[in-house]
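Below, each structure is written out as structure tokens.
Both of the next two complexes hold chain A, though its partner changes from chain B to chain C.
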Partner chain A sequence: MEKASKISRYLYTVIVLFVIWLFLTSSLDPQELTIGLLFSIIIGALTYEVFTERGLANLHPRRIAYAIAYIPYFLWAMIMANLDVAYRVLHPKRPINPGIVECKTVLKNNAGKLALANSITLTPGTITLDVKGDRYFIHWIDVKDASVEGASDNITRPFEKFLKVIFE
Partner chain B sequence: MVKRALAIVLILITGYWLANALAQVPFGADKMLVGKYYLENVKDQTGAVNAVTAVVVNYRGLDTLGEVTVLFIAATGVAALLWRKKRERTAKSEGSVVLQTGSRLLLPFIMLFGAYIFIHGHLTPGGGFPGGATIATAFLMLYLAFREYEIPHKVFEPLEGLAGMSYVIVGLIGLAIGGYFLFDWIWQTWQLGHDNIGKLFSAGFIPIIYTLIGLKVGTELTGIVDNMVKEPKEGGQ
Partner chain C sequence: MISEIIGEFLVLFGTIFYFLSSLGLIRMPDVYNRMQTATKSATLGSLGVIIGVGIWAIGHVGSYAWLPKTFVIAVFLLLTNPISAHALIRAAYKSGIPLWEGSIVDKYREYLEKEEGKEEVSDETKEGEQ
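Our next item is the complex of A and B:
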């Protein structure tokens, strides 16, 4: 993927940092805003090269809408996952069938891969062990399908439909 | 065996001795002699809402200058002990995509939070030392995630010295204006920020000194980390 222009990447970093500052101080006092803007500009200048590759294109409304929609979707999956694990722990026979499966992903962007890996780790009895290229090695508490295709359908596919829009 | 038993007996005796001494001080009694003065006058005299900061930077500023010096000597000492001409990182394996991307995305946020801590030193808990340590953590994270990463030395070492010098200069300006070292000239002479106590632009030179300390501590701890993770090149002693 080609990198966006330096200005676009810099502006994007400053905007993100300033929004974080607003949440940190939770005050609209002009003094706080001035200092916040100053720090965003300085820290943005120092870190934008490592922080972002695509710059302002990240702020496309479609991407933001999908990102907001992803939050409740992901939280719901996380709650169900934790209840599922609680069930497995409390069940007298402990219905577990652990194993390590390989999955494929369609995501090409590193940030997307990070989001997918973390989403997998936080949901249904699965933990990401390693990511190599487009392959994920995942520890699954209850292996239903050991093939690459089947495991991908079960584990990565549900998140990818969101993450693909957000990060690709 | 005998050694260990003797050590335990010695520790028990020392502990009993200390506990006995502490038992002389009644719990909960008012023991403030100087403390009362600080609490009653801190707002008028320094403008800081955070009394700890006012004591550390303003009333007893010389101690903080000493602390900064100790840290500087520690960093210089580490650099002197580990000095070799050719040194390089020795990490054998690269971090995974998850680790690398994660640290790249977190870097600006950690730095912003460090800056938030040191600029709000006179309002909230924290100050220059925690803020600087937080910023150093961001660089430590880069060192751990990337095999090749190295800080820009040409920026870091001069910045460290400059921040330390500016601290002394702020103190010396106080000496020239008010008659003693680290006299708070911004608050007492210029009367700047007297009408917004509790807001960001107040408390005289405390935010300025804490910004300098934050920069100094941040660059210094990063320098120590940089020195510790590098090893001499093979055959290049």
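Our next item is the complex of A and C:
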């Protein structure tokens, strides 16, 4: 994947920083907006090289729509994960069947891999142990299928259909 | 009025998951399974408490300024908590803490052994070439 132009990456960094500033101040006073924009421009100039590789292409409407659709999906998976944890903790026999399994992913992008690893860590019974290339080593609290294919179907496949659009 | 009730409910929801998270630390057998309960429940519990405080403030203090700030804190927490869990569990594995005896597969051990084998073979071939 080639890098976007410097100006596009710089503008994207400034936009993200400014949106965070808007949330943090939670006011629309012109003085605060001016100083926020000023600081966004300075910090963006210092950090845009490490912040993003694709620049304004991240703000494509299709990506944003999928990202917004991903939020309720992810929150639902997270609540189910916690009910699952609650069941395992409170059940007197402690029904766990742990192990480390291997998964494959189709994502190529580093940011996409990070998002997938984070999603795996926060959803039912799995936590990412290590990532090597396209192989994920995952500690699974209740191993149903120890093969690579089966584990991928159970763990990574449900998120990839969203993350593929958002990050690829 | 209604926002106060929603906020109180969310804070209660969060504290219940905090409690389950700390109970899981006691009940689970090894560091990997403890990390599972601690990460998931503590993250969702924090989200509930933080967002709940923001919504509660609308009704109780009458200020809308709290909600965006709590929202930013919640997003940062959601993005950083799994990374810290990943770093801790990986460091635990690298420092040689064994899995629970009930564990059934360990693909990562197989992978590491295979990698070591490859490196030894390549070293030998290099020496042979020299």
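Definition applied: the second predicted complex is superposed on the first by the 168 of 168 C-alpha atoms of A that agree within 3 Å, B and C clash if a C-alpha of one lies under 4 Å from a C-alpha of the other, contacts with A are read in each partner's own complex, and residues count from 1 in each chain.
The rule we apply is simple: contacts are C-beta pairs under 8 Å (C-beta built on N, C-alpha and C of every residue); 3 or more make two chains touch, one makes a residue touch a chain.
Owing to the predicted nature of the structure, the values given are computational and were not obtained by experimental measurement.
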*Could you check whether chain B and chain C clash or fit when both are placed on chain A?*
fit
*asked:* Taking CA centres after the superposition, what's the angle at chain A between the directions to chain B and chain C, given in steps of 10 degrees?
replied: 70
_Partner chain in contact with A:Gly44 - chain B first, chain C second, else both or neither_ = first
*Using the superposition on chain A described above, determine whether A:Tyr73 touches chain B (first), chain C (second), both, or neither.*
neither
*Using the touch definition from the top, say if A:Val85 reaches chain B (first), chain C (second), both or neither.*
second
*asked:* Applying the document's definition of touching, compare chain B and chain C: which contacts more of chain A?
replied: C
*asked:* Quick check on the superposed pair: does A:Ala117 touch chain B, chain C, both, or neither? Answer first, second, both or neither.
replied: both
*Who does A:Ile20 touch here: chain B (first), chain C (second), both, or neither?*
both
*Determine, under the contact definition given at the top, whether A:Ile96 touches first (chain B), second (chain C), both, or neither.*
second
*Regarding the shared-chain residue A:Thr128, is it in contact with chain B (first), chain C (second), both, or neither?*
both
*Please provide the least distance in Å between a C-alpha atom of chain B and a C-alpha atom of chain C in the combined superposition.*
7
*asked:* Identify the residues of chain A that lie in both the chain B contact region and the chain C contact region.
replied: 20, 24, 117-118, 128, 130, 132
*For chain B, which residues are in contact with chain A within the complex?*
96-98, 100-102, 104-105, 107-109, 111-113, 115-116, 119, 142, 196, 199-201
*Provide the residue numbers of chain A that touch chain B in the complex, in ascending order.*
13, 16-17, 20-21, 24-25, 29, 31-32, 35, 39-40, 43-44, 46-48, 50-51, 110-111, 113-114, 117-118, 128, 130-132
*Given the complex with chain A, which residues does chain C contribute to the contact?*
17, 20, 23-24, 27-30, 32-33, 35-37, 39-41, 43-44, 64-65, 67-69, 71-72, 78-79, 81-83, 85-86, 89-90, 93, 99-100, 102-109, 111
*What residues of chain A sit close enough to touch chain C in their complex?*
20, 22-24, 26-27, 78-79, 81-82, 85-86, 88-90, 94, 96-102, 117-118, 121-122, 125, 127-130, 132, 135, 137, 139, 141, 143, 146
